[in-house]
Amino acid sequence: MEYTLKEMMTLVAAREIRNNDIVFCGTGISMLAAMAAKNINAPQSVIFFETGAIDSKLEDLPLAVADSRIMYQSSSNAGLLEAFATMQNQITGAHIVGILGAAQIDIYGNLNSTVIGDYDEPDVRFSGSGGACDVASFVSRTIIFMTQEKRKFKTRLDYLTSPGYLDGPGARKKAGLPGGGPDKVVTNMGVMAFDDVTCQMYLKGYYPGITPENILENMEFHIDISRASEVLPPTPEELTLLRETCDPQRLIL
Amino acid sequence: MDINSNKITNLKDAVHQYVTPGCHLSIGGFTINRNPMAAVYEIIRQEIKDIHLYAHSNGQGVDELVGAGCIARLEIAYGGTGKFMSTCIRFRKAVEEKKIQIEDYSNYQMTLRFLAGSMGIPFLPTRSSLGTDIIHKWGLSRELRQDTPKVPDQKLVVLDNPFGNWCDTKRVVLVPAINPDVTIIHVQQADYRGNCRIDGLTFADVEQAKAAKVLIITCEDLLDDDYLKNDPDRNQIPFIHADAVVHIPYGAYPTACFGCYDYDPVYLKEYSRMAKEDILFQTYLDNNIYKKNSHRDLLNSVGRERLENIMADKNRGYAKKLDRR
Amino acid sequence: MDINSNKITNLKDAVHQYVTPGCHLSIGGFTINRNPMAAVYEIIRQEIKDIHLYAHSNGQGVDELVGAGCIARLEIAYGGTGKFMSTCIRFRKAVEEKKIQIEDYSNYQMTLRFLAGSMGIPFLPTRSSLGTDIIHKWGLSRELRQDTPKVPDQKLVVLDNPFGNWCDTKRVVLVPAINPDVTIIHVQQADYRGNCRIDGLTFADVEQAKAAKVLIITCEDLLDDDYLKNDPDRNQIPFIHADAVVHIPYGAYPTACFGCYDYDPVYLKEYSRMAKEDILFQTYLDNNIYKKNSHRDLLNSVGRERLENIMADKNRGYAKKLDRR
Amino acid sequence: MEYTLKEMMTLVAAREIRNNDIVFCGTGISMLAAMAAKNINAPQSVIFFETGAIDSKLEDLPLAVADSRIMYQSSSNAGLLEAFATMQNQITGAHIVGILGAAQIDIYGNLNSTVIGDYDEPDVRFSGSGGACDVASFVSRTIIFMTQEKRKFKTRLDYLTSPGYLDGPGARKKAGLPGGGPDKVVTNMGVMAFDDVTCQMYLKGYYPGITPENILENMEFHIDISRASEVLPPTPEELTLLRETCDPQRLIL
């Protein structure tokens, strides 16, 4: 079955979600990945929004994390305080996987979603942290969506909005952060993971038709590609559920 | 203002009386939901300038206030509205062109700052942002902070845990309380004294309301009796915090109001299109705000059909059949 | 425990599994309302000892646990139940006879401590108790604190405001977080996964529940489907915090449960009378707890007439005609 | 009309409550005083409980601050966090008058409701602070109910549970406390106020049939009696409303 790269990315991220995970998601593709996991491979996973809704029914795809669609048939509707406390709380936070995106990422999975250029004299201004810094600070693991481009995979971030492994092994702990850090980076070309010892990004998988070298060409920094293998393409079942159940109006896809 | 009095007023007077030039303001809602848009448009219409605005992810309302030139300083976590504007357009332009001063926090930090204000304490602790530039890069300078009594002398403070390693925590970030001069929220139901009932997520509205020196409430339904007392568990804000209550049906339009109406995708897309160009945006401001006398005028020009399209299904709280493509 | 699983169990098993000797425990409710009394009686029946109990003003449940010798250490704000016992009688005796170790806080401080635990931070600040003996006199010694990893190394810490005089505040008291091994609450409605709906005041139940490593819920009504999701605004505790759900009608008896039944003045007065004398109190424990197999046994011995007398008027939530003299 | 001392005390305290006050009350006589004010002299005052209910209808007299009777027809039902935040919040706290009781009081209005004797080896243990320390710390003014006895009006408290003016002028501020401090002490013999300059208690009024000297005999410390005058006895209207509207079952009276 034919598929788009966006579909591939969504499903690759969805496969990372397991039963018993509580999935924090933002707007767009991250929400769709969480819905796909729930409908395909992790039916017992729980979807959770920073605005305060947990276990929403999601009969229709929300277009923002404050969309009224997330308030319908959730298990509890509260507010931001409760949502972020649930992430910072280490008892519940240990179950949470966060899905994030950003404008820039470095080899330790640190993210920039604030500015390109100087903070006081920015060339480009983005939305800013929102809840991303909080999620990246608190939860047990994060999955990060990125477009594979040299200007996005940066040796040095212009602004560190959301903490990954900071400057390497032990740095999160030294800074005083709880939580686990980045687990996977899902791009339009492949999937990266992080080395247990060095905390540095390495290539875990490349999509059919893409080579590890293609990926390296689209990054400013070099990563280990020795552990990479080809990622399985979407199955027809995955694609059908994604298209017909999760986003029939093709609002995101 | 007598705490127990009838606080019903109209929007023009409430905005004129309380939202003064240079005031410190916060507005309720989140991205495209329950922004107090009627009040936002009234502030723009009255051309109140030099406002210091506090926002977590208030979205549409923030972008319009910034775009209309009402805002001088902005402490914020997220300038976006989700799918409609991944980065708020006028916000982005204003920051890049240095037309406003901006300082960045996270959503939780901004919410904690309102909570601290509502609790009457100078700060609250969190573990968020340790090791990031949210700690290192300040948007408001130390000099400005020294010279501005309504701004705390530090953006935030990193404190070693005074309880050793209690809770497996080495240090925390203390974020300073916010007590806005004025908070404006839009709720589904309020009564004459200012008791509020919010249906669906409350976002940070309750904390913003309770932190404020003055609270203006706009509401879909206004009750001139004590009906809300029949189910006090559902009233998140008691009247003792309220200063003005204004009845504005569709007061959150074009953002959504759970249980009442959805966001209007037509309006929000048109906004995004026009926000991209300065000239088009001026036309937007003229036609949709300055040339209108009131929110009712705006709704009339939007027309019944579009308002019917966004009417919420009563069982779902949103418009199931709304075309959002 | 799978977060999303069916957590329905019975009280004997839940107490046996989670409320172990020496554990750190907190119970919900306030004075004579919504104490998880069925669970309290089960703990006493299972003779679980050496418990470290955290209480704000939990009242009746605290006095019975203390009286039955289950408690070794008690961090508390108020040992009373209002009109029925201005000071809890067995609590008073135990403290005067030094049978338990006690440390005093205020109600707000204990609530903040639970809130800090629920938020995953080591402390929260307040301005309460500055200049008082709550700050100067510690019930748990520094030595005990050093030797007990589950107790923070300081009772509290006074901190000069790191933001200068922000919020007109010179200094604050930091109170340390509590994360009980187990919290037990009684609620009006819960479902099989542990979603909870509390009617009327929540006291500090929500914070106690979310701070706990293990949460046991007893409930008046148990729903084995997703009915509570139809009105999520009213569900204060989502299932992700829950470990055990037990259906116990009249589970708060002899304390009240808003909307269901009132407190039983006959029982509470009889308790006060018998608590005053050691021998009478032993008789009380024998007859009302040890010799009963379950809460149902106790309710059977109380009899239908008394239970009918305390049945709540559906429009008021309490028993209007109850003779409370 | 005949009246009891308890009725006198309740009404004397009620007279101190004004329209536009938010009245924090505890159990027993303090709740009755708040109800009396609302029904007699301050119909616009608002009754408020530390357990989280505000503006309760109080169709029936509660026997504890957690009594379900306070949850019926209030303006908002929340919990302890919201209630105490409302007091600590200086915007709302400025409107709140707290009614307290205690086992011991000193000349600066500091209260003991914890122990008689040593804290570690108490002769008598009381309930402890509950919310009293919080209220006394936060709110604009407090009214204190006491029984006029030497062992209760103490030169030195055995334990300072709830702050009055601590050790005198400026001491609250120096300690870092907000709020105003004690306003009146209502006993079974008279009413004391606090000097604006010295922060010390002085006799403001004595009940019919009582002399200032009677009162001094029942205190361990000496207070100024030069400003004292006789307190007006309860009016028939006050007594009727108190008895028939506030406590018809005579649960407190």
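Observations
In this document, chain identifiers A, B, C and D correspond to the written order of the chains, with residue numbering beginning at 1 in each.
Operating definition for what follows: a contact is a pair of C-beta atoms (placed from the backbone, for glycine too) under 8 Å apart; a residue touches a chain by one contact, two chains touch by 3 or more.
Note that the coordinates shown come from a computational prediction; the quantities given were computed from them, not determined experimentally.
Once chain B is taken out of the picture, touching still joins all leftover chains into one piece. Remark: among chain pairs A-B and B-D, A-B carries the greater number of C-beta contacts. Taking each chain's centre as the average of its CA atoms, chain A and chain B sit 27 Å apart. Once the centre of each chain is set as its mean CA position, chain A and chain D turn out to be 56 Å apart.
Averaging Cα coordinates per chain places chain B and chain D 40 Å apart. Here the CA centre of chain B is 37 Å from the CA centre of chain C. Of all residues in chain A, those touching 2 or more other chains are 53, 71, 77-78, 88, 90, 138, 178, listed in ascending order. Across the assembly, chain C contributes residues 120-121, 126-127, 167, 169, 172, 179, 200, 233 that each touch 2 or more other chains.
In terms of which chains touch, the assembly is arranged in some other way, matching none of the line, ring, star or all-to-all patterns. Pairwise chain contacts in this structure: A-B, A-C, B-C, B-D, C-D. Residues of chain D touching chain C in their complex: 27-28, 50-53, 59-60, 63-72, 77-81, 84, 88, 90, 114, 119-134, 137-138, 159-163, 166, 171-173, 175-178, 249-252.
By the touch criterion given at the top, residues 116-117, 120-127, 152-154, 157, 159, 161-164, 166-167, 169, 172, 174, 176-177, 179, 199-200, 233-234 of chain B touch chain C in their complex.
Remark: chain D residues 19-20, 22, 44-46, 53-55, 57, 71, 73-78, 85-93, 95, 138, 178 touch chain B in the complex. Per the touch definition, chain C reaches chain D in the complex via residues 29-34, 56-57, 59, 76-84, 86-88, 91-92, 95-96, 98, 104-109, 111-112, 115, 126-134, 137, 139, 158, 167-172, 200-207, 256, 258-259, 262-263, 312, 316-318, 320, 324-325.
Contacts from chain C toward chain A in the complex involve residues 2-5, 118-121, 179, 193, 195, 210-213, 226, 228-230, 232-233, 235-241.
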